[in-house]
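Letters are used for the chains, namely A, B, C and D, taken in the order the chains are written, and counting of residues starts over at 1 for each.
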Amino acid sequence: MKEIQRTIKYEADRVPGFGREVMSVPGCEKLKDCIQCGTCSGVCPLSIYMDHSPRQVMALVREDFKREVLSSCTIWLCASCYACTVECPQQIRITDIMYELKQRAIQEGFYPKRFPIPVLAQEFNRMVHDHGRISEGRLVTKLFLKTKPLEAAGMAGLGMRLMKTGRFSLKQENIRDRGDLARIMEAMDAPASGGNGKD
Amino acid sequence: MKYGYFPGCSLKGTGRAYEESLLPVLRHLGVELVELEDWNCCGATAYMAVDEGKACALAARNLALAERGGFQQLMAPCSACYLVLNKTQHYLDESPAMRRKVEGALGTVSLKLSRQTPVRHPLDVLLHDVGVEAIRQKVTRPLSGLRVAPYYGCQVVRPYATFDDQANPTSMDQLLKALGAEVVDWPLKTKCCGGSLTGTLPVAGLRLAYLLLKEAKKRGADAIATVCPLCQFNLDAYHDKIAARWEPVRLPTVYFTQLMGLAFGMPAHTLGLQRGFVPLELPAPTAA
Amino acid sequence: MANGNGNNRTSPERRPRIGFYVCHCGVNIAGTVDCAEVARYVGTLPGVVLSRDYKYMCSDPGQELIQKDIAEYKLERVVVASCSPLLHEHTFRTAVEKGGLNPFFFHMVNIREHNSWVHTDRAEATAKARDLARAAIERVARHKPLETKRVPIKPVTLIVGGGIAGIHAALTLANAGKQVILVEREPTIGGHMAKFDKTFPTLDCAACILTPKMSAVGAHPNIRLLTYSEVVKVDGFVGNYKVTIRRKPRYIDEEKCVGCQDCISACVFKQPKFTDEFNEGLGKRKPVYIPFPQATPQVVAIDSNVCLNFRNGPDGSRVVSDKCKKTCVEACGDRNAIDFTQKERFEEIEVGTIIVATGFQAFDAKRLPAYGYGRYPNVFTALEVERMVNASGPTGGHVVLRDGKTEPKTVGIIHCVGSRDKKTNRWCSRVCCMYSMKLAHLIKEHTHAEVYNFYIDIRTPGKGYEEFYNQLLDEGVHFVRGRVGEVTDWAITPEEEGKLVIRVEDTLAGVVRRIPVDMVVLATGLEPRSDAQEVRRLFNMSCGSEGFFLERHPKLAPVSTFNDGVYIAGACQGPKDIPDTVAQAGAAAAEALSLIDKGYVEQEPNTAFVLEDECSGCKSCIPLCPYSAIQFDDARGKAVINEALCKGCGTCVGSCPSGSIVQNLFDDEEIFSEIEGVLAYE
Amino acid sequence: MNKEWQPRLVAFFCNWCTYTAADLAGVSRLKYAPNVRVIRVMCSGRVDPQFILDALAKGADGVLVGGCHPGDCHYVEGNYKMLRRYHLLKRMLKDMGIEEQRVRLEWISAAEGHKVRQVVNEMTEQLRALGPLGLPQKFEEWDREVERLAADVHAREAADAAAACAGRTSAEEVTHA
């Protein structure tokens, strides 16, 4: 028998205002209209691995269960295939809501430390930020060294074969105007007069 | 016909074969591609997950470069790039605040976004600008007897179905038929290949790739044709792991442009076909 | 400030004595508008001798107050500021008339729908109420005495659509001794209900309860039944409509045909081979056919699109070729009912009232590709299954797969197909939960299959409906709460091989499931007919945003439309089940009846007339009138308006270059004073 | 009143579609700008261009005309007649230097309560951005100007007359001299 756990939720488990905050982000507003039909979970190719189905995530967000949502593996399992967004009868942009939740989870450090997906996202961005382009070989190598140093060896075979077919290189690609890119990113960081761009 | 060309990072790395086949095939059809000068990564799915503002700015820089380069249209062969660039345009249209901010940021390096540059996928261009008939006329070595399962993946049809039917796309089917190949009808045309999860969470990601390969094989396909470097990679690179975890489902997955090149009589090695792990075997030409 | 009469053009010689009333409407108005302040302000305007605020002006005491004040204060004009004139103008005019004034010495100000209900700022709403009231005071001072015209009602009712709604309305009126003309597009009446096997929740047989009513329609001396016919033009107004009906040729003389169907067996096509619409395409029929055994009228029809005796004419229409052996004519013998010379005919009828009961169409399941209709043969629509379970249907009452013989062992019924979905139809179709359960019951009864219902919410708000749901639970039908993601033939596990797989989140169990079934039934929703917009224009009705015909008031005038004398009944007004449809049909018949029995309608005296002295004879008004009410008097060189034909739109008035046409109730002076009134503020 | 300036919007709504739509907006409790004053007519075809000009002349900053959608007119085609006039009027207003957004014709069916809200709000904002039209004030100014001119002309004529008179005398004197 599995270990038993308390599943009741007390009012104190909620973070009042969390749902409203998410639903005020452009593209996420229609979450308000969710009728909990489960179409999103029904079409999601990854829902079978999720701790909370996409539908449950929608309900949890709306009811302010922030901790539950941001620590859920569901948001990281979303592969951005947009099937849910396209099929949702209430036209809720579920994929975009998942992006929004990923952002919040990263900002608030809500995911397990060696969980590879957020690390990939961060490494990816760092590389884009520094070089303007992704060098897939370097990115993957970094990712494995950070999250699963032991498995990195297991991937070596694949790396070798990729290298043989000319599809893997550790050389870093760079764009010319890296300074420009940095300046654009800096400008995006600056608090604009019109708010944080989420209004 | 002249288009700005946004290759994206994958077409310079794991997806080299896509570029290697795309360029000669389009040239052969009289389509001129001019690579966008100093393009940067589109941001793919990862950047959105961290900061949507920066993700937008990143993609918008490319759109601004296209504008500066005087391109009327931009071609993005990678599905992720295609989606991200399109999505950015939608996003900027829907959120004036974001547009102001992004335009301001681009302004710091004298770039501007004053018009919409349509972002097109090669499938769209081939079908609607070049036309099936023009393609059929270039076929010198029809792919008769080759049974191909057309695989579109997610992001060329979702969430924006700009050039094909969202639920049952047929643009690649038409192209493959024009090449003389036999098209395998299957219900998995637009299912997810696992995306980046094949690397980060193989249990979940590879299962999707496995199921796709298994179903295509079951329906009698000799090969899967794809339009996206990540789909190609996921369906091509993990056969060992799939075999170890489930069962061997060896089936070549090639870019549709490689099949076009073959049908146009181009040698396989000039189309990057040697880069695939599972080699494509063409049926012997029937004596006719 | 208040007296905006600087411009003397519109100022009357002497201000009549005006009484003003502002209604609180409980808190509906008073909650947003400071009524006492409005009354105080209006009291300061010239001519106003009395200004009151009152809780409910439309109540009996409110009306009596007006009557009493007219006598006591010698009022000559009355203004009431309350709700929309479309609601209570008539009430107050009557009160004014009872008080001894001409009913048109009255004007109404809308400060509820147009003010208190749509604004929130009390000061602004009060200011707006003052402006509107001032305009009305200016206007009413210039009102002239008018008389309403009474127009007799033709005691004949046109009913459009021969489904259960049209049938019930026709019988109700005919049994009351009124003449009815029932027009049906198809060769038979019966509508959707005739296709059903059983009806929920009582499971009584649809045919058993419907066909007696159908025959009653066919035999009723007061009902003229025009099948295979369509309304193409409607002219006139309440009481006197002129309606043009297109009678499509059925190539059968309805008077002579006795319904023996000898011609059908004699047809040169030995086997039926053409799509049978009545059976949802599951069966076949011949070019000469009768839709179903109890069709009314009991008359066959010939489908010229497939009959061998026709060929394509030069313009694409079908013309008689006389190439066929015409075995049908032979079989008909001296009854001589088959007539290939029939042509499309147009018939004009005159009626006083109209009931539109054109019904619905089922959602086209192909619009949702994820459910595979049209792609996977064993995905069926509910109507197809409805025909299959019917003993006189194409499979003789057997529920079988598309191969025509295999009984399904597992069946999945998907609810809300094309309902509650913003990508297709956003409304709940109201009947699908119940009919899905009915089909679940019937399928189980016929095949003993395992039946799954996939639903978003089970909606059973009706007498005996929830009990029926409970009965189904007892019968062991599965209910899975979740909107199906997709139907696919993609098998992942061995037990899925060769089956259709339904992928769905079982939201109550909290797991995603893949359920293999032999047959999928799509509970398609109800939507407006594809030509609803044309029908709406024809009868001058409105449609709601979803495309169903709009009732005049959702609660208090549910079968009336914005066009007087035109009523709606049944699913053309919105999705509804048979009991509600029949109730509405009865209501529509009663509305028509009450108008007919009253005998006349009162017409708003808002007609136009020409000031002969000022008319320059330019004739520019004449082509503008859609009712040809303006004639040109050649002798005098003037335009003349026939008041009986004028409908009071005022288009000619707005266009007359010399300003010589006047519209009663809306004359220039009145409108200019209203303009001045709303703008005369600091 | 020292309150902030508010645009004045006069609307002519047809009885069957747009007036009913405004009623519907009320029944649905949709909230919109309180700047509009609705005048009911039976049909948009009744709206004489003079009504629009008169409203502007009397102080409206904008005029909205609402009728049934094309093909839906209760009186068959009164709305088309209005449309024709509207185009002519637009041209005239342009010549007069009155901004285009100040006069607007909209088709709003009885079911479109939300459209009443949207159009009224939109127009109120547009008028707010345009600022007051202020024709009555301008008329007053022009009146004053004309009066001044008239006075001026009058004075000059009087002066001329006086001068002429004086001149004639002197001329006479000369001839007589």
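Criterion: contacts are C-beta pairs under 8 Å (C-beta built on N, C-alpha and C of every residue); 3 or more make two chains touch, one makes a residue touch a chain.
Everything numeric here is computed off the predicted structure, so don't read it as measured data.
Asker: Pick out whichever of the two, C-D or A-B, is joined by more C-beta pairs in contact.
Answerer: Output for the comparison: A-B.
Asker: Can you check how far apart chain B and chain D are, centre to centre, with Cα atoms defining each centre and the answer in Å?
Answerer: Between these chains, centre-to-centre, one finds 59 Å.
Asker: When the centre of a chain is set as the mean of its C-alpha atoms, what distance in Å lies between chain A and chain B?
Answerer: Comparing mean C-alpha positions, chain B is 23 Å from chain A.
Asker: Hey, how far is the Cα centre of chain C from the one of chain D, in Å?
Answerer: So the centre of chain C lies 39 Å away from the centre of chain D.
Asker: With chain centres defined as C-alpha means, what is the inter-centre distance between chain B and chain C in Å?
Answerer: 50
Asker: Spell out, as numbers or ranges, the residues of chain C touching 2 or more other chains.
Answerer: Residue numbers touching two or more other chains: 370.
Asker: At least two other chains touched by the same residue of chain A: list those residues.
Answerer: Counting only residues that touch two or more other chains, chain A contributes none.
Asker: Answer with line, ring, star, complete or other to describe the graph linking chains that touch.
Answerer: It is other, because the touches fit no line, ring, star or complete pattern.
Asker: Can you list every touching chain pair?
Answerer: Taking the chains two at a time, the touching pairs are A-B, A-C, B-C, C-D.
Asker: Flag every residue of chain B that touches chain A in the complex, lowest number first.
Answerer: Where chain B meets chain A, its residues are 9-10, 12-17, 38-41, 43-54, 57-58, 61, 91, 94-95, 97-98, 100-102, 104-106, 108-109, 111, 154-155, 158-159, 166, 191-192, 194-197, 199-201, 203-205, 208, 237-238, 240, 274-277.
Asker: Tell me, which parts of chain C touch chain B in their complex?
Answerer: 369-370, 488-490, 492
Asker: For chain A, which residues count as touching chain C in their complex?
Answerer: These residues of chain A touch chain C: 35-44, 47-48, 53, 55-56, 87, 89-91.
Asker: For a test of understanding, state which residues of chain C touch chain A in their complex under the given definition.
Answerer: Touch list, chain C to chain A: 370, 416, 420-423, 456-457, 481-486, 503-507, 510, 512.
Asker: Spell out the residues on chain A that touch chain B in their complex, using ranges where they run on.
Answerer: Chain A residues touching chain B: 26-27, 45-46, 49, 76-77, 79-83, 85-86, 93, 95, 99-100, 102-103, 106, 116-118, 120-122, 124-125, 128, 132-137, 140, 143, 157-158, 161-162, 165-169, 173, 175-177, 180-181, 183-189, 192, 194-199.
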